[in-house]
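Okay, so chain A shows up in both of these, paired with chain B first and chain C after.
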Partner chain A sequence: MGGVFVHDLHTITPLGALVPRVDQLNGIIIREVSDRALASLALRWGKEAEGRNAAERFLGLELPAPGGHAASDSFSASWIGPNQWLIGADITGHELMPYRLRDALAGRASVTEQTDGWCRFDLEGTFCLQVFERLCRIDIARMAVGSAERTLLDHLNCLVICLEQGRRYAVMGPRSTAEALHYALLTAAGSVN
Partner chain B sequence: MTQKLRLDGGRLDRTKALNFTFDGQAFQGYEGDTLASALMANGVRLIGRSFKYHRPRGVFTSGSEEPNALVELRSDARQEPNTRATVAELFDGLDARSQNRGPSLRWDPLAINDLFSNFLTAGFYYKTFMWPKSFWEKLYEPAIRRAAGLGSLSMQDDPDEYDKGFLHCDLLVIGAGPAGLMAAQIAGRAGARVIVADEDFLMGGRLNAERQEVGGMAGHDWAASVVSELHSMDNVRVMPRTSIIGAYDHGTYGAVERVQDHIHTPVSGKPRQILWRIYSKRAVLCAGATERPIAFPNNDRPGISLAASLRAYANRWATAPASRVAVFTNNDDGHRTAADLMARGVDVAAVVDVRQKAAKLSDARLIAGAQVIGTKGRQGLKSIRVRHSDGRLETISCGALGVSGGWNPNVHMTCHQNGRPVWDEDIAAFVPGADLPPGMSVAGAAKGLFTTTDALRNGAEEASAILSDLGFASGGATELPQADDAAYEHEPIYHVTHGKGRAWLDLQNDVTVKDVKLAHQENFRSVEHLKRYTTLGMATDQGKTSNVGALAVMAELTGKSIPETGTTVFRPPYTPVTVGAFGGRSVGAHYRPIRKTPSHKWAEENGAPLVRAGNWLRARWFPKSGETHWRESVDREVMHVRSKVGICDVSTLGKIDVQGADAAAFLNKVYANGFAKLAVGKVRYGLMLREEGILYDDGTAARLGEDHFVITTTTANAALVLRNMEFARQCLWPDMDVQLISTTEAWAQFAVAGPKSRELLQRVVDEKFDITNETFPFMACGELSVCDGLRARLFRISFSGELAYEIAVPARYGAAMWRRMLELGKDLDVIPYGVEALDVMRIEKGHPTGRELDGTTTALNMGMERMVSRKKDSIGSVLDQREGMIRTDGLRLVGLKPVNTSETFTAGTNLVNDGAEIVINNDQGRVTSACFSPSLGHCIGLALLKNGDARMGEVVRVVSPAQNTDVKVEVTTTHFFDPDGGRLRA
Partner chain C sequence: MLINHPLLGPRDAQEFIYLGDARLIDRPDWQAADAQEQFFEYTYLRDNPAGEHKELWFHEYGDRSWLVVTRNTVTHEITHVELASEAARARGRSK
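Here is the complex of A and B:
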């Protein structure tokens, strides 16, 4: 994997535009987030403790328990399966984070680039709870900062992360379904009150 | 028309007059009215016609149990049939119409059915319309459906929006009568998360319909004060206009909130209704009770209602049912109706009580020990015929009759998990049994506790017990408010035995006492047979007012008790739910979430027709100007790829990243063919079998490192394959060091195919990577970079049969990469090609897809039996050796080409031998894929043919009686084009 890019291919966001979309309605702001480098980190069988320690050293955070989400200055980690986390970093300067992580944990964890596996929308506003009531079965009112839950949302397998209880949440879904997910979020936001 | 029967008082806002129409006639009501109460206030008794006999019918109840007053609301696309007028909240501009009637409600030609009632008894259809058999579908059924029916649909799309939602609570309180409000108040004060839901728009249940006091104030004021307190609590969600429709597993309840049903034109973007799924730790059912009628001859006339409903209309909705009313009862509650009506100035002609020793509980004339044995008034009650205890007959003129046969607890929801109610002799009614849905308690009248004091006390008790179980500290002793505590005195009677004429049990489905007798006579005596033979309880009201009466009649006939006779099973929904609510937002273009490929925008801009593949939208072909038929575009694309180069977006194929020290051993178990020895930098085609040996997916596995593979799946099976592999990893072989994750979305992947494909890729792939045939041969793979540094993966695999590659880049760069390849390949005449050309080329090569791997076929059927390794154990490799699976004369995949090459055939057709008759016994197999091959200049096909591999060169026929196809074809190899594979290795 080349370390320095000189290619001139431009990127598009999951919604197909050059810049992320922002919508505001009904007191809710919905922001498309496309500036996160992502990687799946799965501990190798029989090397769980070793892999976990190395990963935590690299990331500077404690890998969260099931249903959990943790963040350090540079990285975030959301639990997505037994001994498996979705690691995030700001893409600026970290686009190759998955490969650096892979190299750092070689033989102790399997790391797979997931940057473009997902689309992400951050919801912010006072009616967030009502919006999520129309979207998924998560007990959103009880969801605290530090939680990340997998859920079905508009028929899609999504990950919801609580960024600020009652006010700010991230929804991650399959990249190819970004438009469908965005539509579901918009209609739910427009539907409340 | 003025509101001539409107009384003083009531829970109406008289400052808000509402105009509405019924059958085109203008009326006025007030905010707080239902359509039924407003019509009653305006003196309208005739509301509709009955289901079968087209008998005139009016309002029978004041709630959701209504069997009679079904109407159509609104018009055009919002036309809403079968709405119960008793729960339709009045709004300004409401347009309501009667239904199931002829040109007018008053003059309905189909009322002639009533004259033939002796013929139209239960079981009539089963006995009469059996001959000739062919008439049923085209004549009998349409005619019956026209005559018997309910409301009509507009056949237009519903313009309103519906949401689905999810709620969580510690305690769900179902029903906001005295028991429910008490329970909610206690739980709310204790800090529990409470949802209290009631189907009514005004919470309080019967307290809104009575004159009695609670806690030293009017009952409805007490209810309002509690509701107000509940609204003020952050931990309590108050949900009026919300029907709990079902009790499901693990404390989950379904609920329909009618958010905008009471608004003329729902606000766009806002839901008209919301279907909620409520996850509760506990629930307390406070659904109250439903009064039951007594069946007597001609008891279905407009003006005859349940007695407590008449009381509700008078007290809550301030309307009299008529200027002169009578009551027929077997219990004290009927007397309360008489007293309340008299208190509001209504003339009560008599209270007819079946009890010989009935006490006089109102100022109305009491006729004790008597029965109502008949009525008169074709389109509205004019008089009742009373049989005194000494046999004397008396006619009493009245415009309305309130009937009370006692009360049935609303046990329905307690039965949704297969619970059975038990008979309580003291109240002569079914009460909830011990086998309640887990987590459910029952309180108040739903439990058979019929006094307000009992309801309040029991609501408090049940809530306290639940709070204790859930670990909530008591919010302090709540003093129970003082309330009515009159004993429930009654004498069971379900139908009268005197008088002439039919006595109705089930008003909505027109089932009479005589029908039940007929069912008994014809030996349909089990309660389930009775229900199906007579259709009793099978209407939209689920027999809420009829079931117990019919059971009692059957019990009398069989000499059994009512509990011995049994009950039918109550199922969700408790009350009817619109299809719109079930559909939610998943309608029209949003029925399923759509997935878009990285090149989607370019394809749209270039006019490509799109097809759904799973949830993906894929370009079918890319038309050029002047092309008028899809075949022109597809043939051009095929020939161009075979002669130059084309690119196709194949990002939709499933991609799974497989890593771990045991990755190779793991794949060796999930693929039927061997993978353990696949070299790094190589790709292999693989088959996956289900446990029982059926082929379910095929794809490739590329080994990027000793412990790293990337496998591809078919587009349709991407999620299924990952799911099965996860199951295998976690459950079958948990000790293997394997990690899996989908990368389908992460990479944009493009097929680059054609003799000039390498030349094109050499312009894209960075110079330091050698992709010549020598270093990057057929079935090679590797990680490299493109366009000066962008990470990429290259696979030399070919679905088209040409020299071909698949190149993958991170999805965000996909669109740019697509455009870049078209730009860099201009001088090579690169073109985009769609899935139709892809399909043609794979048929020409004999590559199977889902058409062939259709869930019934094996590797042997595909001619790939040698790929199922017998040297190792893999999923499906044992059961695919079952006797029936390895028949030598079984289906084999073959190629077909028409003997007369100008003839064509399609997939989905069948095969018969030349000269054989086209009958099922002569079936020789089926055509799975077919297309016009531009490379060969004629139609070709793939087919599963019996013993096909031994029949090369034989002529069979492709036939389809449905399409009138009969084409002679020659059986050939499946490899129509470049059978030696020289092109893909070039």
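Here is the complex of A and C:
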């Protein structure tokens, strides 16, 4: 009789390591962030108000207008398209958020899990603006807290969220391009002075 | 070139993909008696104006919405931008 074989699996970050990577150069800190549970939320044609109300009740925040980002104690919501938001939560304690949200909205809005679909890097430092100026065409200096812009960054489709104007930003991109995005951020950060 | 996105304001043209003539919205009824002729015209016959032209653009590296952009093909001046979903509904399309 054979015993049950249990794989000894470890969660790896989008960059492939066991712990999130942190780089610091030219006064800029680039932190890999891998502790967010993510879901996309889309309202349905003809059920917009119903879906929005139910989602806002569950999340305890108002879904932001185009180009907006909102956060409560437990959840965040970034506008990513007409009637569509990327919902985030701390994965500790909220790993099943996408499924709880889906069940709470059953039939009233569409929810898909996105946790492993994205990679995220948080940039911090006064020279962050120069990094973004080198990589994308959004007006980064004018982005205030509470705004999120989806744009072409280097050659990647990314979401940029302003966490603190002029100092702290989050960049999210496709998980499969984590190394390319990280390389682009490092290269740009290495060229500022 | 900047495209004045109806929801997001001016955005760089690099974020967009061009599809073509906005008349593609007016897809013929496939059950019409002369459907074959209508689809021939819909698929192959296009105006190529030197001047104002309504075009479909996709905000691929952005909010992924389809836009109807009115552009002057001679000067590249963009005079009007609207969401394609709203333009289609205004023409009586349900979705």
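Couple of notes before you dig in:
By definition in this document, the second predicted complex is superposed on the first by the 185 of 193 C-alpha atoms of A that agree within 3 Å, B and C clash if a C-alpha of one lies under 4 Å from a C-alpha of the other, contacts with A are read in each partner's own complex, and residues count from 1 in each chain.
What we mean here is this: contacts are C-beta pairs under 8 Å (C-beta built on N, C-alpha and C of every residue); 3 or more make two chains touch, one makes a residue touch a chain.
The structure displayed is predicted, hence computed values, not measured ones.
In the superposed pair of complexes, A:174 makes contact with chain B only, with no contact to chain C. Taking chain A as the reference, the larger set of touched residues comes from B, when chain B and chain C are compared. By the document's definition of touching, of the two partners only chain C reaches A:152; chain B does not.
Contacts of A:67 after superposition on the shared chain: chain C is touched, whereas chain B is not. Legend: residue contacts after superposition of the two complexes on their common chain; A:45 is shown touching both chain B and chain C. When both complexes are overlaid on chain A, the residue A:137 reaches chain B and chain C alike. In the superposed pair of complexes, A:18 makes contact with neither chain B nor chain C. Applying the stated touch rule to the two superposed structures, the overlap between the chain B and chain C interfaces on chain A comprises residues 45, 82, 137.
Those residues of chain B that touch chain A in the complex are listed here as 161, 163-168, 269-271, 274, 277, 279, 585-586, 590, 592-598, 600-601, 615-616, 651, 657, 659-662, 707-708, 730, 735-739, 741-748, 783, 785-791, 809-817, 820. On the side of chain A, the complex with chain C involves touching residues 45, 66-67, 79-82, 137, 149-152, 157. Those residues of chain C whose C-beta lies close enough to touch chain A in the complex are 7-8, 11-12, 14-15, 60-65, 83, 85, 95. On the side of chain A, the complex with chain B involves touching residues 1-2, 4-13, 16, 34, 40, 42, 44-46, 82, 84, 96, 99, 110, 112-118, 133-134, 136-139, 141-142, 154-156, 174-181, 183-184, 187-188, 190-191.
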